[in-house]
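Quick heads-up: structures coming right below.
Presented sequentially are two complexes of chain A, the first with chain B as partner and the second with chain C.
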Partner chain A sequence: MFEAIAFYLFAFLTISMFYITVTTSQALYALTALAAGMIFISAFFFILGADFLGAIQIVVYSGAVMALYAFGMMFFDTTRDVKEKQGNNAIILGLGTMAALLIVAIFSAPIISDNISAFYPMTAGAGNTQEVGMVLFTKYLVPFEVAAVMLLVAMIAGIVLAGKKMDISLTLTEEDEIRAMREEQEKEVS
Partner chain B sequence: MEIGLNHYLVLSTILFAIGLVGVMRRKNLLMLFFATEILLNSVNISFAAISHYYGDLTGQMFAFFVIAIAASEVAVGLGLLVVWHKRHNSIDLDKMSTMRG
Partner chain C sequence: METAYLIETVIKIVVILLIFSALAGIGTYFERKVLAFMQRRLGPTNVGPYGLLQVAADGIKLFTKEDIVPTNVVGRIFKIAPVITAATAFMAAAAIPFLPSFTLFGYEVHPIVADINIGILYILGIMGVGLYGPLLGGMASANKFALLSAARGAAVFISYEVVTGLSILAPIMMVGSLSLIDFNNYQIDNGWIVFAQPVAFILFWIAAFAETGRTPFHLIANDHEIIDGFGTEYSGMRWGLFFIGEYANMFFISFVIPLIFLGGYGDGSLLGALALLGKVAFFFFFFLWTRAAWPDVRPDQLMWLCWKVLMPIAVLNILITAIVMM
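What follows is the complex of A and B.
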């Protein structure tokens, strides 16, 4: 009973928040609605018993990703609207729904055939975080390490792309060039 | 009334449709990134639901990797967007149709 109430409440909230994100013309409204939607999604994870996933969802999405977006928005002139080209809304809506239905068909095909058995069944008497740790650090250790390397690559790429003059290596250039660059910079400031 | 797996899959479908409409309709690149986040999250919900109703942890593991991929995608994408905005002073998708630097 309570599960049903919680499900419908959070489903309504999530859908309305994401609808606002997609339709609003203000970037700031979209950002805040997206952050709220992420938090509401974590509620589903808590209902489903995936506590660790819910906590990660809050920490990563509404913490790290939203901070990155807010930081990125400072670079852009968000008060100026980008002109949205108004296409045929009915066609777009139809295409979107059709594609989503296709996704469900793909998902439900193995469920309907009903020959799924648990690959890594949950251990009795262990909390969700414990179970996740046991499976992640035994069966999924290699993907875990690959994901760590991927995050490192993404971090370095972000720093190099967004930083100033990061494409010039200071260790490989001569001293004179660096001095000339610095003098040029000081000239620009003064 | 019992909440079953189908409820979660239908919810995931609706969110996925919202995200797809966002991807197709918006011309502001920042909004395009937001819509991508919605798509990834809707898939995460169905992963967690299937994981719960089948007593299998594989779905949650995949959700973790999806979150990691989303985080790195945002970092690289925003970096590229900042560079593009510095050069062209716009984040309009239609002006990006030519691949000149």
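What follows is the complex of A and C.
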């Protein structure tokens, strides 16, 4: 009974949080609702007994949304409403509904036709952390490593794009030097 | 059985909530006294013997103060931010075994709310979410200094989490489990982990200061601008909730460090339990000691420290541990 209560409670909370994320025009509401929704999703993992994935969900998404906050801070005055440029409402509504229906169909089709079978049955005596590790490092080793390489590529690209002046620290340089640098830049522009 | 388990859990939650909210209050008293003695002052002396009732006076003040929500803030976020800090601090406590299991009136009590087998991961994750409190409070406040402190909070968050995660990996590899009770039991047979993993211990300890936002990483409050950062616009109990969260977090992390590295409560005897409380007291005192002895670092220094010094050391530590274990 408690499982059912917890499931419906968190299902309602998650959906309402993501609804707020999509509909609000206030950047801070959207971000906070997104973070809350992501954290509420972890409850489903805990209900299913996948503690490890639940904790990972919290750790990963709380960090990821934190990065979004940093962007939000840079681009918006987060205490004001954002004026959104809205196109044709009918198209947005239609496409959104179709995408949602498609996702539901994709995920429910195999469940309805009973075509799901577990390739890797539970190993006796292993906790779910070990289970995840075993599957990750045997069957899914290649995708796992490819994902790691992709992240490395993204990191190096980020460093190259952002790192042109990384050896200069504005906090450590003297006021006069900064002024000289700025004058030099202005000369180049003109 | 189901009902008994439910009642037991609810009682445990209430007891932990009461004890640690009270301890958070008393923690502020200790902090003021310890800081005062280290700075050759007397600290609170007027209310009650040795100023002990200062805690109660502060409580009355916080509860009865007018609750102000300034005009331009983002109302809901502003109101929920302190709750996040306090609530996540206590949620993290669910997976901490505070004492060894003992028998009370013929009923065996396990002083841990939920013995999930990924205890450490859960605790660190939830404590990390706790930093959302200052961040949201700062961003919703419509105040320059609060926003600055929120930005610093984000910087702290993205720097220290890597170090905590990586530093704790090496002990986890040795124990082969993520449950704090397993950590404790491992150390009964194999000696304290701190002797095998001194580097990981130091790294985790440093990261704990960032995790709780204490000096020398107290960047979320703008001490050098003589402004309280994210708390500038808060008053009354909302501000008090931030404080309860911070001090509860300090106590909880002081429980986690000895449990992981310093043998925890040992074999579960009374002596072991007292030893754990002694270790907790030491780590809590160390937080205050550092605050009296060290200035804050700059945000860029913190990021430099975490990413360029501590993270490579942690990775090397993991590599060496793995090679030795093979």
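Following the convention adopted for this analysis, the second predicted complex is superposed on the first by the 128 of 190 C-alpha atoms of A that agree within 3 Å, B and C clash if a C-alpha of one lies under 4 Å from a C-alpha of the other, contacts with A are read in each partner's own complex, and residues count from 1 in each chain.
Here, a residue touches a chain if its C-beta (ideal position, glycine included) is under 8 Å from a C-beta of that chain, and two chains touch if they have at least 3 such contacts.
Since this is a predicted model, take the numbers as computed values, not measurements.
Peer 1: Using the superposition on chain A described above, determine whether A:Met73 touches chain B (first), chain C (second), both, or neither.
Peer 2: After superposition on chain A, A:Met73 lies in contact with both partners, chain B and chain C.
Peer 1: After lining up the shared chain so the two structures overlap, which partner does A:Leu28 touch, if you call chain B first and chain C second: first, second, both or neither?
Peer 2: Second partner only.
Peer 1: Please tell me which partner, chain B or chain C, touches more residues of chain A.
Peer 2: Counting contacted residues of chain A, the larger count belongs to B.
Peer 1: With the two structures laid over each other on chain A, which partner does A:Ala180 touch: chain B (first), chain C (second), both, or neither?
Peer 2: neither
Peer 1: Quick check on the superposed pair: does A:Leu141 touch chain B, chain C, both, or neither? Answer first, second, both or neither.
Peer 2: neither
Peer 1: Now for A:Thr14: first (chain B), second (chain C), both, or neither, which partner does it touch?
Peer 2: In the superposed model, A:Thr14 contacts chain B only, not chain C.
Peer 1: After superposition on the shared chain, which partner residues are touched by A:Ile56: those of chain B (first), chain C (second), both, or neither?
Peer 2: A:Ile56: touches chain B and chain C.
Peer 1: State whether A:Ala105 touches chain B only (first), chain C only (second), both chains, or neither.
Peer 2: So A:Ala105 meets neither chain B nor chain C here.
Peer 1: Check the residue A:Gly127 against both partner chains and state whether it touches chain B (first), chain C (second), both, or neither.
Peer 2: Touch partner of A:Gly127: chain C, not chain B.
Peer 1: Which chain A residues contact chain B in one complex and chain C in the other?
Peer 2: 52, 56, 69, 72-73, 78
Peer 1: Which positions of chain A touch chain B when the two form their complex?
Peer 2: For chain A paired with chain B, touching residues are 1, 3-4, 7, 11, 14-15, 18-19, 21-22, 27, 30-31, 34, 37-38, 41, 44-45, 48-50, 52-53, 56-57, 60-61, 64-65, 68-69, 71-73, 75-76, 78, 81-85, 87, 89, 92-93, 95-97, 99-101, 103-104, 107-108, 111, 116, 118-122, 131-132, 135-136, 139-140, 143, 147, 150-151, 153-155, 157-162.
Peer 1: Under the stated contact criterion, what part of chain B meets chain A in this complex?
Peer 2: Against chain A, the touching part of chain B is residues 1-3, 5, 7-22, 24-28, 30-31, 33-35, 37-38, 41, 44-46, 48-52, 54-58, 60-61, 63-65, 67-76, 78-83, 85-86, 90-92, 94.
Peer 1: Show me the residue ranges of chain C that touch chain A in the complex, using the header's touch definition.
Peer 2: That would be residues 72-74, 76-77, 80, 116-118, 121-122, 124-126, 128-129, 131-132, 135-136, 139-140, 142, 147, 150-151, 154, 157-158, 161, 165, 177-178, 298, 300 of chain C.
Peer 1: Can you check the complex and tell me which residues of chain A touch chain C?
Peer 2: Touching chain C: residues 26, 28-29, 32, 35, 39, 46, 51-52, 54-56, 58-59, 62-63, 66-67, 69-70, 72-73, 78-79, 127-129, 169, 171 of chain A.
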